[in-house]
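Please find the structures below.
Below are two complexes that have chain A in common, paired first with chain B and then with chain C.
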Partner chain A sequence: MDDGSTSKLHWRVARVVDSEPETDSAQTIGLAVPGWRGHLAGQHIDLKLTAEDGYSAQRSYSLSRPADGERIELTVQQIADGEVSPYLTGVRPGEEIELRGPIGGWFVWRPAEEARILLVAGGSGIVPLMAMLRERVVLGGAEFRLVYSVRSPADVYYARELGQLERDCDWLRVAVVCTRAATPQTARPPGRIGASDLAVPGWTPDDAPRVYVCGPTGFVESVTTKLIGQGHRPSAIRTERFGPSG
Partner chain B sequence: MAIANKGFRGRRTESARQLPPGQHLTTDFPVLQAGPTPHIDLDDWRFTIRDERGHQHVWTWAQLKLLPSDRLTVDIHCVTTWSKLDTKWEGVSLDTLFESVETTAEFALIGSYGGYTTNIPVVDLLGGKAWIVYGYQGEPLSPVHGGPARLLVPHLYFWKSAKWVRSIELRNSDTPGFWEGLGYHSYGDPWREQRYAGD
Partner chain C sequence: MTEPTHVDGNAAAGAFADVLGFDVTTATLTCAGCGRAVAFAESHVYHRAPGIVVRCPGCEHVLARLVQTPTDVRLDLRGAQSWRIPLPAR
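So, the complex of A and B:
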């Protein structure tokens, strides 16, 4: 694939091919991008909306799965007073949207890497981490653990697929941590991710896993502070943070 | 090539002044970095300028704080498209720090605690264009925003304003830094929208 490091990232006109609700406030959108040459799990795109008078707004969105030919997929969380996300969650198949990418070469997982992987997601921070799991289903041999923090069970993205993957794949275990309301069958009371949620047997600092943390700034700060407190090396932790930018 | 997204109006920026192309205003201060936030003990903090012959100029925290400082109000522009107006900083101009440095080098590689690097032409660091800042909005700069001290080069995209700054290495040739080696633009002028290589 094109590594994007030397050639110009051209704006391309993508066409929405499908759009399905992921949760009450998030939409998964499939786009056909002419000339798309693939991307690494964890990379993102820049997307541009243009009003009829020429005003335009750009935002970055993580890709949620490996490319299928020229088809890529995003999951967009609607931000109530956002500028771009409320429009995107309402797009219909056939609409055209400009985008460019792939972007980012750090918060990525490559199937050839064999290190154990700990993924820690906060809310919509699951999106690039899901791309890594979906890549791993197809290629590679690494063992994965996912700790996924959401407000309540209804906020879990890709819920059915994550359940199916956990049943089918011996290389994956998933722990969903609910901060406000938990499922009846779990013993863990609702609350933010704590040190015990991150002390995953087999994924301790002695096991030298690589850790990917993605979520809102406060979440990432809190999780990385706990991980370093447990003895994980800062250089083994890769982060991606986002603020409410719309 | 330009298309219009029917029904998209956007939230027009009610900005006191024009923003660089593709940017939108934020009143938050979003945080973007590739790894955990390092916490640096002021007793151990050092800032070093190493010239192209290997001579080192080193400041301790106490020495930095004794230097004349500037208070400045600037706009900052992040490559992820947010801009923030009228941010207030306090710190030491690099012109002051370079007074004792003899160099003809054209390029600088900035280094940070935690291992981050970024490259900037020397001409963009001098002439009242860049500072080592330790105060933000009247308070000590917090670790999450790059404290105890970060570089501030407001005329370039904000990834050039390295958090937790530790060193400036002066070089005769240009060496890409962390993001610049991962597809981001080598110079990063927001007014020319130089986000990625080739822009």
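So, the complex of A and C:
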């Protein structure tokens, strides 16, 4: 497997093989990348669009699952006034896109790391964390807990698969936190993620779980502060932030 | 509350790896401003501009700047006293 740490990055042309709606405003896109040699769960790619006049725009997108041969997959949240995401969510099979990667050896989970893993996702921050869960299904023995903050239940990515994984896998528990609108069955009123949402039943910071937090910058800062306040060691927390541009 | 405009070092990893040829996210930088040692991945990155500015998460001192022109990349690394770069496993 090539984790990107030894080979120089270069731009290459990928071909869209499929594109399916993930939610009303997000699309999961499969790409065939000639020569792709695998990646680590949590890594991302840089993607570049170039206009006919030469103007180009780049964005980073996390990979949502382990590679299947030369096929990789992203989930793209459409930002209404974005430069890149409205194009990406409308791409059709056969279209070509420039990308480079895999990128990053920090925000990654390696199956050989036997540990307790707490994942905290804000919105589309679920994408690299889902890659970790999908890797864990195949490899390793780590226990996972996922706290997933969304505006409303309709915004949950991979909802059916997460539900199935939680039923089938004794190593996973999922808690969805809704910030604006919740389902009538849930006792928790809608609201921003709080310290109690981050307290995993049966786990204490002394159990030294590795924590991965991914989401918008404000979300990541808020969650990280709460985790440290609960006694998690800063060195056990790995974060990835994204901005509002899409 | 206004949303912060920065992201973090993960988002600058592609641009730096393209020039330097290695993954910078796991490098530890010692800030020339406050002396704090930080993982590049945890630095504050401002990249919605013609260049990329990497700042210390502790004191906001500029650790690194990268500007790409059509013909060159300009790199200014003087804001860090040192870089510690883990070697890949052999």
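Here, the second predicted complex is superposed on the first by the 243 of 246 C-alpha atoms of A that agree within 3 Å, B and C clash if a C-alpha of one lies under 4 Å from a C-alpha of the other, contacts with A are read in each partner's own complex, and residues count from 1 in each chain.
As a working rule, a contact is a pair of C-beta atoms (placed from the backbone, for glycine too) under 8 Å apart; a residue touches a chain by one contact, two chains touch by 3 or more.
For clarity, every value in this text was computed on a predicted model and none was experimentally measured.
Taken together through their common chain A, the two structures put chain B and chain C in a clash. Shared-chain residue A:183: touches no atom of chain B or chain C.
With both complexes superposed, B is the one of chain B and chain C in contact with more chain A residues. Once chain A of one complex is fitted onto chain A of the other, the partner contacts of A:230 are absent, as it touches neither chain B nor chain C. In the superposed pair of complexes, A:96 makes contact with chain B only, with no contact to chain C. After overlaying the two complexes on the shared chain, residue contacts for A:13 are found with chain B alone; chain C is out of touch.
Once chain A of one complex is fitted onto chain A of the other, the partner contacts of A:242 extend to both chain B and chain C. By the document's definition of touching, both partners, chain B and chain C, reach A:60.
Of the two partner chains, chain B is the only one that A:49 touches; chain C does not reach it. The single stretch of chain B with clashing C-alpha atoms against chain C, selected from 8-16, 62-70, 98-106 or 116-124, is 116-124. According to the touch criterion, the shared surface of chain A, contacted by chain B in one complex and chain C in the other, consists of residues 4-6, 8-9, 46, 58, 60, 103-107, 217, 221, 238-239, 241-245. The touching residues of chain C, when paired with chain A in their complex, are 1, 3-11, 13-15, 17-18, 21-23, 25-26, 39-42, 48, 88. Per the touch definition, chain B reaches chain A in the complex via residues 1-12, 22, 24, 26, 28, 30-38, 80-82, 114-115, 144, 178, 181-183, 195-199. Across the complex, chain B is touched by residues 3-9, 11, 13, 46, 48-52, 54-60, 83, 87, 95-98, 103-107, 217, 221, 224-225, 227-228, 234-235, 237-239, 241-246 of chain A. Residues of chain A that touch chain C in their complex: 4-6, 8-9, 44-46, 58, 60, 100-101, 103-107, 216-218, 220-221, 238-245.
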